[in-house]
Amino acid sequence: MTAPLLSLRGISKSYGQIRANQGIDLDVAPQSIHAILGENGAGKSTLMKLIYGVEQPDVGTVVWDGEPLSVASPAEARRKGIGMVFQHFSLFETLTVVENIQLVVPGRKADLTQRIRTLGRDFGLEVDPLAHVHPLSVGERQRVEIIRCLMTNPKLLILDEPTSVLPPQSVDKLFDTLRRLRDGGVSILFISHKLEEIRAICDRATILRGGRVTGHVDPREYDAHDLARMMIGRDMPEPMPALPQSGGEKRLEIIGLDYQPDDPFAVPLSDISLTVRAGEILGIAGISGNGQSELAALISGEAVLPREQRDRIYMMGKDVGRLDAAARRLLGFAFVPEDRHGRGAVPEMSLVLNSLLTAHPLNLIRHGLVNKTKATAFTNACILQYDVRTPGPEAEAGALSGGNLQKFIVGRETMLSPKLLFVAQPTWGVDIGAASAIRRRLITLRNEGMAILVISEELEELFELCDSIQVLHHGTLSPPLVTQATRPEEIGRYMIGAHTASQTADRKALP
Amino acid sequence: MSAFSAAFLPTLVRRERASLAATLLAPPVALAAATVVNLELYVLMGRDPVAVAYAMLLEPFLSWASFSEVLLKIGPLLLIAQGLAIGFRAKVFNIGAEGQFILGAIFASAIPVWFPQATGQWIWPVMLLLGTLGGALWASLTAFWRVRLNANEILVSLMLSLVAAQFLNYLLLGPWKDPNGFNFPQSVMFQYDAMVPILISGTRVNVSLLLTIALSIAAWIFMQKSFIGYKLQVGGLAPRAASYAGFNEGWAIWLSLLIGGCAAGLAGAAEVAGPLGQLQRSISTGYGYAAIIVAYLGGLHPIGIIVSALCMAVLYIGGDNAMVSANLPIAAVRVFQGSLLLAYLVAVAFVRYRLEWRRAAYRSQP
Amino acid sequence: MNAIEFILAGMLAAATPFLLAALGELVVERAGVLNLGVEGLMAFGAVLAFIIVHHGGGHLLGFVAAGLGSAVLSLIFAVIALGFRANQVATGLAIGILGQGLSALFGKTYESLTVKGLRKLALPWLSEIPVVGGLFIQDVVVWLSLAATFAIWAMFAYTKIGLVVRAIGENPKAAHAIGYSVITVRFAAVAFGGTMAGFAGAYAAVVYTPLWADGMIAGRGWIAIALVVFGTWLTGRIFLGACLFGAVSLMGLAAQATGLDVPSQVLASLPYLVTIIVLGVISADRRLLKLNGIASLGEPFER
């Protein structure tokens, strides 16, 4: 093997008491696509931030191109030839594409504009340099990020979960770009937890678990099953089968909803229609930023419809378009939002007080005062039933890991025994064990007759959970597709807007 | 640039959980630090720091007469601060308590000014009620501007305070001026029944002190035990969680501002119907602003605020003493107040964070 | 001279304290920091300038001292609000109280004393136009303030520094991730804001009304903060807003000159009332505020 381009030895990094990386060794060969594989919380993102100089390791050495290296800042990393594309993009919405690039790359605006166009042509990364970032789709933003990196002529390009924001078709296009880059002399560090992708594109893989390296392998020599075992330390949990069920009563119905949000950066919705029945899980697929948050807020009651809009949203048979979140909850609605900190839970408050947030109607209030005994009992029950790992009910919500806090919130909401449960991104940032527990719970609840609506970016998750799937793209919703009769590629075509409604209405739509 | 800061400055590291010790230590440490800094300043000004310290910090406790004045000063500070703290915890920054205090004083004065001959024990309670109403009305303008017009409540409430001060001037120089007052900007002296009864004979301490303490206990129950108080705190800590749970934001803003306005208005009424006995230009010596400091220094906690109100009252009386005995300008009190709040804000950072002096150990070995 | 000529001639000078302080606060807020201590920073700058000019140090030295002094005070704000991540609202209020206290303390012995103002410079030809000619007879600080307005507009529109400040105000985490030191830029912005507030106070105390009186800033620092909102964080609109407030604060004098029978307290309240009303009108357009607003304003930055 040739001398490695980048070589890490004994890298460790702690945040307070959390040891994010411990004794990491890693070698990246020149002109290779190298995967960093690990589940949420394994320490992948931390490691990348250390390489890119966003953070500094506590101990350890880095050798870059045969020279010892200390990366004090991202600017220095870029000078040395290391570029990074972030998972949650580091773009500025109020600036134009070229202004965003100007922040990183020296040069005059006119020259940069020209170079953006050239690079776009050469690598299949077309984007309008003079456009503002806020109306761009997620895929376009990713292209801007990649162009921004390429303009610094990197020898190593780090991509943090690049495919999580792309529909299946665009993933192929991205891989094509990456191969072209590799053949042009750039090494790529590819961070992912998706095994098939890594097998498809990577030459080498380093597997992380709990902040440590658990293996260096050639991913093409192992099947997904083996890789998964290395990644999570045991076999993948089996998905739970859903019982076939005939649809019950309508619990949520949205009819021809149009919505123009107040926020100029938000996505307007047009002609949204969907129905969720008792004993059924409906999934909403699509890449975030296509109207998911707007639709979620309208369903949850965090946003209400303007006065003139009537008969658009029905819950348990009532028109709820103008009701606030509390009023909708009284009808038997519960909601697990996509962001846990500061929305689903108050990080600075104890779990007991966080139970109160939505579970207060369960007799946790007496004469206007908080009934601490009952609230604590409720919290303890939730911790026990949903296997929330915490020192106790008085622990602050913010001190829990993402997965445990999510289990707590899912627990709190389902303990309200709602008629309609709405879960947005059920397993975002959640480790595999917790994610599988949450999915099993949702299927159990469905089998018991609850109506469940799920919004998710993860197609695999939706295929595992849902009876039918609708795709949200540019603020419009596709007709419902029966999961068992649909392939992921078809969903993917809706995700990029390749389908028109008329083409499909005859075949796939539900009767 | 970041390399520079990482290598030469200590960094704040977030604690796993809030430190109780730091919470309790922050106010006394801040008080000590502010005292040291300010005494240093007095030395620079050529004053004798021992004399100033004696006059400011000890003298208020040395005689019953001056301590009773401290008790008298506690009233408005404590009352306003309790009201403001409720709003601050809901992240509703009403900094216009000064104006609400003035309107409370004006509303309360309406009875003795318009009906100077009226008698009866009903007068002073009605004046206190009217004052409460006046403060609430003034605060409701801010609430309306914030909730309906989306305007920043800090700026609106502050501007309304400046307007209130001008309104007071107008009344005292015009329609409400005491015709026999030698053209001084003040109203007539109030009749006996328009005064809050004295609580401790021989002093000016009156019944409103009891009221204030009772309301502090009520504030404690409200913020620490009641569901409404809980909702306000959720709104302050995580507004999106409040909206997720369906706690109405507009309602919380109205409630916070009305509570603050009522408290400040009541304090204003108690001041004119208590120690002053007439409406004057200088009814408030910055109570509305000092109460902001009292509220923060008390950790926005009803019990803490009782202690910090005592400290601030001592500072007021001590400042007066020092003005006389050590020839210290009264502005020194404002300097002390400002530096005290700054010191507290630094000290309270250690509740959530600890300092780490360790510089980045990351150096590659050759 | 009729009322219109009077207001036109005096408007720019009356607007200058508002304008300088608001331009400073604009840069601070664009970087994502809310410094509510402007009133105190102005008061502190005012007293420093007055003392120096009174003792014969000259206007230039007075302005330099005011700028430096207020910058130092604003750096205390920066250390506490940015370094220790304290609540920016509370820290700003505290700095405001401290600045006003120091101003009163230092100014005690200068109460009611006067200094000489600055000579006005007339632009040739333009100043001879009837009615509007008065606009072109101004002192040097007014001309420099206009230049500063233009410079700040150009900085945000065309320069890399302006771009960096805007980026940090919108998304400090992303700016950090691509390698900008959020804290350093914010410190610099706060110091700039402090300097400008110091100049604004100096202008008020040694040029506009060259007479020392405690509390002479009289809410102008707060109005400057409101002006940044009125101008929806755009330099040009802030300039127009400052002119409006310059005119409003002259209206009292103009009204008295025309013998209008309005209580002086109403005229004194006029700037505050106008602030409240304009604030209501502008803020009611939530979309506009959201579009131009600073996403990270007042939020402490944590890596």
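Labels for the chains are A, B and C, by order of writing; each one numbers its residues from 1.
By definition in this document, a contact is a pair of C-beta atoms (placed from the backbone, for glycine too) under 8 Å apart; a residue touches a chain by one contact, two chains touch by 3 or more.
All values derive from a computational prediction rather than experimental measurement.
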{"item": "Of all other chains, the one whose Cα centre sits farthest from subunit C", "value": "A"}
{"item": "A-C or A-B - the one linked by more C-beta pairs in contact", "value": "A-B"}
{"item": "Rounded Å distance, subunit B centre to subunit C centre (Cα mean)", "value": "27"}
{"item": "Distance from subunit C to subunit A - Cα centre to Cα centre, in angstrom", "value": "44"}
{"item": "Sequence positions of subunit A contacting 2 or more other chains", "value": "73, 76"}
{"item": "Contacts with two or more other chains, residues of subunit B listed in rising order", "value": "1-2, 14"}
{"item": "Residues of subunit C touching at least two other chains", "value": "176, 179-180, 286"}
{"item": "Contact footprint of subunit A on subunit C as seen in their complex", "value": "160, 163-164, 166-167, 170-171, 173-180, 286-287, 290-291, 303"}
{"item": "Subunit B residues touching subunit C - in the complex, by the definition given at the top", "value": "1-2, 4-5, 12, 14, 93, 95, 145, 148-152, 154-156, 158-160, 162-163, 166-167, 169-170, 173-174, 289, 292-293, 296, 329, 331-339, 341-342, 345-346, 348-349, 353"}
{"item": "Contacting residues of subunit B [partner subunit A, same complex]", "value": "1-3, 6, 13-18, 221, 225-228, 230, 233-234, 237-238, 240-241, 243-248, 360-366"}
{"item": "In the complex with subunit B, residue positions of subunit A that touch it", "value": "16-17, 56-63, 68-70, 72-73, 76, 300-302, 324-329, 335, 337, 339, 342-349, 353, 356-358, 360, 365, 368-370, 395-396, 399"}
{"item": "In the complex, subunit C residues that touch subunit B", "value": "36, 40, 76, 80-81, 83-87, 89-91, 93-105, 108, 176, 179-181, 183-184, 214, 218-219, 222-223, 225-226, 229, 263, 265-266, 268-269, 272-273, 275-276, 279-281, 283-284, 286, 289, 302"}
